[in-house]
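Look for subunit A in each of the two complexes below; its partner is subunit B in the first and subunit C in the second.
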Partner chain A sequence: MTAKSEPVQEELVLALPKGRILDELRPLLDRVGIIPEPEFDNDNSRHLKFKTNLPHLSLIRVRSFDVATFVAFGAAHLGVAGNDVIMEFDYSELYAPLDLGIGRCRLSVAEPVALSQTDDPQRWSHVRVATKYPEITRRHFAARGVQAECVKLNGAMELAPALGLCHRIVDLVSSGATLRANGLKEVEEITAVTSRLIVNRAAFKTRPEELHRWIETFREATHAP
Partner chain B sequence: MTAKSEPVQEELVLALPKGRILDELRPLLDRVGIIPEPEFDNDNSRHLKFKTNLPHLSLIRVRSFDVATFVAFGAAHLGVAGNDVIMEFDYSELYAPLDLGIGRCRLSVAEPVALSQTDDPQRWSHVRVATKYPEITRRHFAARGVQAECVKLNGAMELAPALGLCHRIVDLVSSGATLRANGLKEVEEITAVTSRLIVNRAAFKTRPEELHRWIETFREATHAP
Partner chain C sequence: MSVPLHQTRHRALLPVGLPDVLPPDAGHEAALMERLMASFASHGYQRVKPPLLEFTDSLLAGIGADTTLSHQTFRVLDPQSGMMMGIRPDFTPQVARIAGSRLSQAPRPLRLAYCGQVLRVASSQIQPERQIDQVGVELIGASQPEADAEIILLAANSLAGLGIISLSVDLCMPTLVPTLCQAWGLDPDTTERLRQALDRKDAAGVAAVGGEPALVLGRLMAAAGLADGALETLEAMPLPAAAEPDRQHLAQVVRLVRHAAPHLMVTLDLVEYRGFEYQDGVSFTLFSRGRGGESGSGLELGNGGRYRAGATQDIRGEKDIPGEPATGFTLYANAVVKTAPPPEARSQVYLPHGTDPQKGEQLRADGWVTLAGLALLAEAEAKAEAIRLGCGFIVTSRDARPVKLADDGSAKTSTP
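And now, the complex of A and B:
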């Protein structure tokens, strides 16, 4: 067999989220057989794109919200994103075939403890909410006839009620320690959150075998004991 | 004089941006006479709000985009934000009376070096742009009749052209090293950027003396040799 008979394989790009989720992802990458170049573990690296042990697979490391955008626009073929991010964007170009079972938390409504003692969520008619998730928040409240005025914040939502910006926030909750530290109480869960493997739909049509293989490889590694 | 004759002074909240700008701000805070509690210098602190040596002044440390939102909604009375952030939101509730002369950089259009050799910005009719600043970008291009389709990214804009997401990006440029490292070239400056002292307009009406005094104090410290 000559080199000529090998099809030229186009690069495949896998987008991974920075931060906490990446730590949980590493054992899964190991099981899948993806070994990033050493620079990937340098948190201060200026690099954004990394080679792996697999000649046709590159990684990009971006913010969790940007993973969904890079994959939806076909700039990455595969990615790992929480269903919070997937729901917020609601991109038609994203396909999320596999729950990776990591990054477990929940997206919830919280409010000051004092307020929660007399407040009945069933009686809300209009709420102002500070959140990183204005779309999910609007849809959640609209579904039961409540109009939510959302103030988009990128972080520090927990500060907003004490400073009088709003009474309620919608935020990711894991242990609840951050809420408690800020005098807040979870009053409603909007959705449970885990990280999913996401695929660009157009790439899935043009490179079905390769992408199917990756989904199956991740599926096996996810269910491995 | 008894305690009774002292007016009860309401807390004043100053919102500061996390990260690089904060390092440049510290000498200015020193000259203004604001000494944050020690916890403020703990980068891993879960705290979001901090006391200072001044009994009526608290600090919050939030993302640069959120500084503008906290001040616009009156959750903070004063803040420090770049004019990039101020322009992007265009909040009517913000007043930006003082250029602090720190955080100098520029907001620019960049594109791949190879493209820039034949590209003429005067001939663009439609562009797709990856940026953290969709509003500024749309306004900038619309002003000369070019329709900009903006893809909002929160970071890693420099990756987008090489991955085929778009040809152009609009991003903050300081030394230009990040652009060069990604094979990109600055082709147009949209605006010079520096950090400004911002004030909530409603607070400025209800507490004019206090806020005037702070603006003057910052003005003197900014112009100090």
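And now, the complex of A and C:
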């Protein structure tokens, strides 16, 4: 391995999303052979960057949208992000070489059950949509000639139609239970979502052997039983 | 609703992507650009200077009316002619226009260089600059692999000449994937889906297309990496005959570059396309590995590749003029400055009011930077003034050499 012949191996930073996905990721990290320092599992820790059992590899734990940004800017070299986040930013500096098959859900349009019975999408020219994904939403509606006026929210999208903020939302759906509980109906799936291993483009080009080795290691761990 | 910008505006506020560059950075940048231009000139590339604006008809003829670059073009109405003008978003179409018109009778291959600013409508978070200083060359009228190799090596050697040692060149062949898709008879929708998946190096997205295309493109994508290994994979692949010219040309260029610069890091990406929409042959991106002090992710210093110079479309969109084979590259000054080692600081010496002009002349000839005192001051005051202006030395009537200034007032003579 040429990496060993280099006098000093440069640091490699892996960005991981906080929360639900991280729990699903832990078994994968075990199989890949990355053991974070104990502080990583302390939810109250004020640390943002963590050491691992591998001297050159450190981890950062950030919000899922920020994983893509850290990696696109080269502040982290590798990361784990859903294709919802990747599509929203559409950074040219991001590669997503591997589907990790975790964090499965879908990004969908939902509206109140009552509205879905009378609404005729053919007649739309403008729609107002509450979402965390204004870019994907705009692109999705623009593709069929409808201007989406997006209201950017960071959570609790399901509240928006009930309180009259707007009629429609675009949000992640897994079981659909939250939608049902709020009187909403999923009317259209925009995309299926899974978590991807993402790589910074310049790092991929300038440290090819090292990053290929990581991608392969993750690939093997993903396909392991 | 946020407060409108015009209500909060400070006089020093500048538009997004249009910064002031101050000393010493502005001087450093200019010096680096001059050294690059000198390097190009020493390889026979002569400088041209197209205007900042020209009629959109001619500017966009070389760019294409509905392309990324045309959407990046600032447009203004020329009050004098009543015609629309565009501010150049790139030099290459202008240089190609010159080569195809005023220099159409100049002997080929034609080697031209340029240095100056371009302006783009939109910036992104990652690339916030809208006014970009570019320096580059075009080699027009040559289609041999030797021409591609000359361009790649000129870029690498010129950057190495600035002291940038951790250079890496990523080669690609943007026509390879479209050629393959056409040979397989894929429909436009599938081709577009593949294109998007390949742009993101999304192995699952490529596999989803299925069949031979997914298999071949998946392997080509996975082969990205150090040139020797990637080339081996490419040469061993069974490909449709239509891809043969691309494959052979690329292989030849890789060999020429590897032979001429065995220590240069060269990588190969067989499915790269994004950013190379105008290219029709071997293309490349120049990276600096790691940016001093920051993360080790690398920084893009410039890019280049093969295209048709002077190929234009008429109003009906039919390709009228095929143009000439050409290749070239552009380097971004702002990225080069971040990567190149800073210049050696020159010693500044204060010339008190009334110093013999010949003395100053001699010091400058010896490499000093002189700052002339504009008001007559007593000796102690002159020393304080020199220190205030950042001079390390002062000329006195007693000493032949400039005297070193120290904050404690003690002084020693020295040389620059």
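Here is the rule we use: the second predicted complex is superposed on the first by the 215 of 225 C-alpha atoms of A that agree within 3 Å, B and C clash if a C-alpha of one lies under 4 Å from a C-alpha of the other, contacts with A are read in each partner's own complex, and residues count from 1 in each chain.
As a convention for this text, a residue touches a chain if its C-beta (ideal position, glycine included) is under 8 Å from a C-beta of that chain, and two chains touch if they have at least 3 such contacts.
Everything numeric here is computed off the predicted structure, so don't read it as measured data.
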Which of subunit B and subunit C A:P112 touches, first, second, both or neither: neither
Contacts of A:V13 with subunit B and subunit C, given as first, second, both or neither: both
Touching partner for A:G176 - first (subunit B), second (subunit C), both, neither: neither
Partner chain(s) touched by A:P121 [first = subunit B, second = subunit C, both, neither]: neither
Touching partner for A:S92 - first (subunit B), second (subunit C), both, neither: second
First, second, both or neither for A:L163, with subunit B first and subunit C second: first
Subunit B and subunit C footprints on subunit A, overlapping residues: 13, 69, 73-76
Residues on subunit A engaged by subunit C in the complex (per definition of touch): 10-13, 69, 72-77, 86, 91-99, 196, 199-200, 202-209, 212
Complex contact set, residues of subunit B against subunit A: 13, 46, 48-49, 60, 62-63, 65-66, 69-70, 73-76, 151-156, 158-160, 162-165, 177-178, 181-182
List of subunit C residues in touch with subunit A within their complex: 125-126, 168, 170, 199-204, 224-226, 265, 267, 269, 274-275, 285, 287, 289-290, 294-300
